[in-house]
Amino acid sequence: METQAFLVQQIVNALFLGSIYALIALGYTMVYGIIQLINFAHGEMFTAGSFIGLIVLGALQRMGFVESHFVLSMFVVFAMAMAYVAFLGVAIEHVAYKPLRRASRLSALLSALGMSIFLSNGMMLSQGVSDRAYPPVLGTGGIHVLGARITYGQIFIVAFAVALMVGLNLFVKKTKLGKAMRATAQNRRMAGLLGINIDKTIRTTFVIGPALGAAAGVMVGMYYGSVRFDMGFIPGIKAFAAAVLGGIGNITGAMVGGMLIGMVEVLWAAFLPSEWKDVTAFIVLILVLYFRPTGILGERVIEERV
Amino acid sequence: MMRKLCVFAICLGLVFGLHTLAAAKTLKIGTLSPLTGPYAQDGTDILQGVKTAVALVEAAGGIPGFDKIEVLPGDSACDGGKATMAANKHINSGVHAVVGAYCSSATIPASVPLNEAKIIQITPASTHEDVTERGFKYLFRACPRDDAQAAAMVSFLENALKIKTLALIDDKQTYTVGLTKNIRHLVENHGKIKIVAHEHIAPGDKDFTAVLTKLKKIDPDAIYMSTYQPEGSLMARQAKALGLRAHLLSEDAVYHPKYIEVAGKAAEGSFLTFAKAPDTPERRNFEAEYKKMWGVKKIGSYAYYAFDAANIILGAVKIAKSTDPDKLEQVIRSTTWKGATGTIKFDHKGDRGASYIIWVVKNGEFVPYWNPQTGQYF
Amino acid sequence: MSLRLEKVSMQFGGLVALRDLDLEIPEGVIISLIGPNGAGKTTVFNLITGVYRPTEGTIHYNGHRLNGLPPHKIIALGIARTFQNIRLFKNMTALENVQVGMHCRTQSGAIRALFKTRFERAEEQRIRKRAQEILQELGIDRYQDEYAGNLPYGEQRRLEIARALATDPKILLLDEPAAGMNPKETEDLMQLILSLRNKGLTIFLVEHDMKVVMGISDRIAVLDHGQKIAEGPPRAIQQDERVIEAYLGRRHTTTGSIS
Amino acid sequence: MNENGPAKAVLQLNEVHTYYGRIHALKGISCRIPSGGIVCLIGANGAGKSTTLMTICGVQPAAKGEILFEGRPIHRMRPEQIASLGISQVPEGRQIFPLMTTLENLEMGAYLRKDRDGIKRDLEKVYSLFPVLKERRNQLGGTLSGGEQQMLAIARALMSRPRLLLLDEPSLGLAPLLVERIFDTIQEINRAGTPIFLVEQNAQMALSISGWGYVMETGRIVLADRARALLEDEQVKKAYLGE
Amino acid sequence: MVRREIQRFCIYTLFLTILVLPMVGMRGPEFEARRAFTVLSVLVGVLLLTTVFRLLRETSFYRNLGQRIRQRRDRALGKIQVLPRPVALGSLFFLLALFPFAANNYVIDVAITVLIYVTLGLGLNVVVGLAGLLDLGYIAFYAVGAYTYSLLNLHYGIPFWFALPFGVVIGSLCGCIIGYPTLKMRGDYLAIVTLGFGEIIRLVLNNWDNLTKGPNGLLGMDKPKLILPSFSDGGLSWTVVPLKSLPSLYFVILAVALLTVIAVHRLNNSRIGRAWIAIREDETAAELTGIPTTLLKLLAYALGAVFAAVAGAFFAAKLSYTNPNFFVFLESCVVLSIVVLGGMGSIPGIILGALALIAIPELFRELASYRMLAFGGAMTVMMVLKPEGFIPATRRKRELHEEELESEEAADE
């Protein structure tokens, strides 16, 4: 393998891993943005999405639907997984977070942590302790760019991730509901006075964030080929780090942060002793936050009125 | 609030006190294995293996002198502190012997109170040398050690596969690092093979393309994946997707039907070390019963070891006609046991002899391939 | 013993908040800083107390250069302040709030606290006594064990001043102390400020209530768009065309009923 | 107008009680706001003036009593329902969305409206009322000065085409010149037909532009009269006008 | 009321059905109807019971009953309360001292673990409860303590008690190193950075094979020893007694925990403690009231780390074994849970929290794989029911209703 091809291949690897982190980070950022809660259970939403994707995909495959209507069945798989996890998100918000809206943020954080443990163990009990194989639907076909191999699966996933992020950005910046979400995030009581239904807005956030996590879960399942009850934990932590790195609450920031974490991890492992890659990722995180305490794209906190 | 605390503490004390009242005339076997957390799969296999052994013995008439045999599960969670608590709990519930634990990092601390309380402990999975090197009298190991497994693999690489270059990957855990360390040691001593890379991944990761792409550039003849099964499956898939031509090698933690299920075609042709599967009645009997009892089609490797460990204990009680630990220890050490993983004869340290062979994945099955003891292909 | 700002400028990004401000605050006077919202008044306070570092110019106090000193050192030099929107430690009692104020004048560290040395115990007693005295001086001692957040609004303003006084300052910076007060409370506040001045304290005041500003100030400086447009005694400021134009408005001068 | 208060009320509070946890904040408030007029509510800090507004808007719901808006009871409604009826509040401290632009802030004011053209027209209207907002339309709300924020807050409230405008301390923390301008604008808005309920600390100013005034003390209304009469009232003069 | 409850019940049932059926039923290719519907019906049953309970609670019968029970309880508890504080404390101490003689090894082992976590919880309380710095990587200091003792003992044979001061110094140094870059950060940025530091320390321990033996862990450290006078053969001589048995180790950690309680109590009521609380309340205001916030935040990190390091050294000595796997992120979460669940800033609360989170799960060992499920669920339920923790510090109790109060202040101004 030539050096150039090697480099390109590693960059492809990094971009891919980065977009997975970015997708998961979006869920953290959205929920954080609106209720200032680190939703520890988000990693589990990701896992749940992956499981539902597996279940639906398996059923469709047995019916022979995947071969005959590939695109439609993909759509169904993603839609079902996202819908299910959106339900889950709303349910969790209602049970575990809504009663704590007026309590201290640490209480809510702990409630989220409890939910995370509960969900991951619930999935362990219901879906089994071992990893489950995803039907190979993405195929192994691909193209060669500058000597590096990019599979169609990777292209599909990165494109889908970017589409979701652009869509989300447009949604938040341009639509009425999106603006209502931002307004609620910035000043909840005032938003209520203007006629914005706060509960509904927060619920919407808990539909969108988890649904995005579910989409990421299905992608990860399809691409890597397996699902496991605890697979949300480590990507969850890294995606959370990515969200903070990019500036938590900022959608573009989540993408940038995810990419950066992916880059550092892959490129470090590619050229330097691979056991230190996670250490490096965290050191980069700390360094960036040291010099930019609100993250790379974090909204500059408006000059505090002392 | 002081008052609340007192009331609570007293209640808790009472509950604990009642909790530990001993029961009637039963033979009690405790298990220690991770029933929660990332290794819950193997931990559950161990528990089920022990339960299968007990079920078979009870079906065959039980053990004279005991009304029934009870299995007390203990969750070690692969954590030293929790494992000692579970071990102490077993001691206080009056278990006669313990099967466990799984992770060496749990077995080592848990064995201290167990050995002090003179309770027979057989670990079905902890392969680290330190487990038995400390010379604990009542501690046995039903699985071969890291060095034995490494020797089998190195012998295969040098004598059968005859490769020139080897890359090692481990995930920086006690078990996996123990193996790569031993392999590196042997290979470097023999000087026939060159180790061209030694990479590390993190457990729980899903993407290993960075490391694998690096190996693709180095292009070794074989890659030794010292990981657990989930990572092993994913790594095999990604290695094939990246177009690596190297042989994939791995060990008994990856020897699990799930490896083939998840890795699919990518698993084909990989070589794994695992204890020789003797086609004995004991093994067939176990497999049939296990599949029936737990409703599974395929059996995880640690279930076999756990089954044998439990059988050794039950057999020893039968022979010794007593649960006196010293007598049991004598019997276990002096008897040659026939089990689902072949014959077991413990040495003075409590280790069983080496009996690893090389398996290959062929048409979605593990198939015996080469025997390091004889140097013969199957 | 005076606070002197020389050619102080402050920029936030591209925004110039303050431009070449020269200001001298002599000892023992009440000096007020007025100007439209956003003129940079609070910024001046923040510069003096070290929240920001001036982009240009120097601030001197009593022979010390304040630029770049961290706030707690500046406070220790004898400059104390209150805040535009009350910033008490709401979940601490009134007494504790004042005790916190004495931090920079006391010494017991963690080690002394862990071993409860005699020094620590004596100091704790001293802190407690002095804090009670201060509360008494400001007439809010009956709220001593009440959480600061539970105090009535006017008393919270007082408690903030008490906390500032606990740092044993030479100069007291008051940021809109009369905001939200009714005329009665405002009257009491003016008396308080005057009595503090009479005890030798220098008072630097930012305030919108012209009754207060004109009533007690010895000197007034007027800021507009980050620049000083006038400085002088109250009467002169009231007549100043530029000040009327930028800040006071016609009505105020025509009614002119300033007590 | 009669002795009990202005006739033909757009908003009417009857014996309203509100609690914060255990604190009895409003102890039976009754008042009326006539269609088309300015009514002011003055009183000391902590008297319950802001609570009154929050109770009207449903943020701090009334425990007892009734609130009638244009004759229909609203005291059981949620804040967004009340807002949709056309009651708009400019709360104390401006409450601008700091990370949204001026324009977006204004759009949020029109959140409940569906008529795009009407919104556009009203946008031009508030720009003409406060030209500075047009200059700053793409600037983040948090970067505006205090006075500009106050104008934005009022403009935002106007964007909902309110049938009743509630103003809470619009003069707080503003320079005298700005205070004048804000009060002029309030009168201008009122002249265009919007009834206004004004809560103010600055009693002098408030009473001078209002038709009717209420004086509040510790959760109760202690005085209610024509604003001009209150300006002459000895008690009010002493306590609230500082003379 | 009834109608709303029924409506609620129906919606919740619908949600549960959607959520439970696919996840529980579709373990394999076939829908396992029995399994799925069993789980669902259990959940719906619980839901039904709560609904019925909620409805019952509104009836006058229930209210009267509740009142009567409450009166009885207060009367009964009132009798206990008669005990004066020193007597209560004394008897509690007496009970604690006698405890190992009445309990078996398992219970003592659980008690030791609880006491370790009490120490950890109190240490973290300094950082989170007093200074208000959210720390998600606290367990790293525990690891530092454990490894410091292990390495000193294995390489230089330094006994436990002499290694402790080293542990304290190195722990506090690590606290400062970790604290330093986080000084500018607030709230959740701090959380992720401390989480990162926790992971870095664990990974370094895992990767630095030459020093720490990597994932193999360190083995064979000495237990703490005591030098006791003995009167054998008529003369006085000194014997070194290694504290090997669980009861003796219990007394060591009991002493450590008691000292920690005293230390945290003293800090809490000192000039430093007040300054920390001020920083937690309003950092800018604290700085402008003359508090050197940077220094004090570092001090909080360092002191918090000290307690963890001592607990860690004890843990390593007790097990004679240490391994990087013991110090994972989840452990930090457990310690944080102890602090928050027990009631931030309250010492009895944290003791209760440690009991609840460490001892109670032990009671449910038989649940095996359901244990962690119950643990997670219980954590959420506890937080929802009692967000301020079991025994909130008086100050804290107020804070939790802060928003209410704030809105009230805003409305009243």
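Just so it is clear, A, B, C, D and E label the chains in written order, and each chain counts residues from 1 on its own.
The criterion applied here is as follows: a residue touches a chain if its C-beta (ideal position, glycine included) is under 8 Å from a C-beta of that chain, and two chains touch if they have at least 3 such contacts.
What you are looking at is a predicted structure, and each value in this text was computed from that prediction instead of being measured.
Separation of chain C from chain E in touch steps, taking the shortest path, is 1. Of all chains shown, E has the CA centroid lying nearest to the centroid of every protein CA atom. One simple way to say how far apart two chains are is to compare their mean CA positions; for chain A and chain B this gives 35 Å. One finds 33 Å separating the Cα centroids of chain B and chain E. Between the Cα centres of chain A and chain D there is a gap of 43 Å. As a whole-number value, the distance joining the C-alpha centres of chain A and chain C reads 48 Å. The residues of chain A that reach two or more other chains are 121, 124, 189, 275, 278, 306, listed in rising order. Chain contacts: chain C has residues 51, 83-84, 87, 153, 180 touching two or more partner chains.
Shared contact sites, meaning residues of chain E that touch two or more other chains, fall at 206-207, 284, 288, 369, 372, 399, 401, 404-405, 407, 412-413. Of all residues in chain B, those touching chain E in their complex are 1-9, 12-13, 15-17, 19-20, 35-37, 40, 44, 73-75, 78-81, 84-86, 88-89, 91-93, 103, 105, 108-109, 112-113, 117, 128, 130, 134, 172-174, 176-178, 200.
Those residues of chain E that touch chain C in the shared complex are 263, 266-267, 270-275, 277-278, 281-282, 284-294, 299, 303, 395-396, 398-399, 402, 405, 409, 412-413. Against chain B, in their complex, chain E makes its touches with residues 77, 80-81, 85, 88-89, 92, 95, 99, 103-110, 113, 206-207, 214-217, 219-220, 246, 315, 319-323, 325-326, 346, 348-349, 351-352, 355, 359-360, 362-363, 365-366, 368-369, 371-372, 390-391.
Only residues 1, 6, 9-10, 13-14, 16-17, 20, 121, 124, 129-133, 136, 140, 149, 151, 220, 224-226, 228, 230-231, 233-235, 265-267, 269-270, 273-275, 277-278 of chain A touch chain B when the two sit together in their complex.
Those residues of chain B that touch chain A in the complex are listed here as 36-38, 40-41, 43-44, 172, 199-202, 204-207, 209-211, 213-214, 216-217, 219, 229-230, 233-234, 237-238, 241-243, 256, 258, 261-264.
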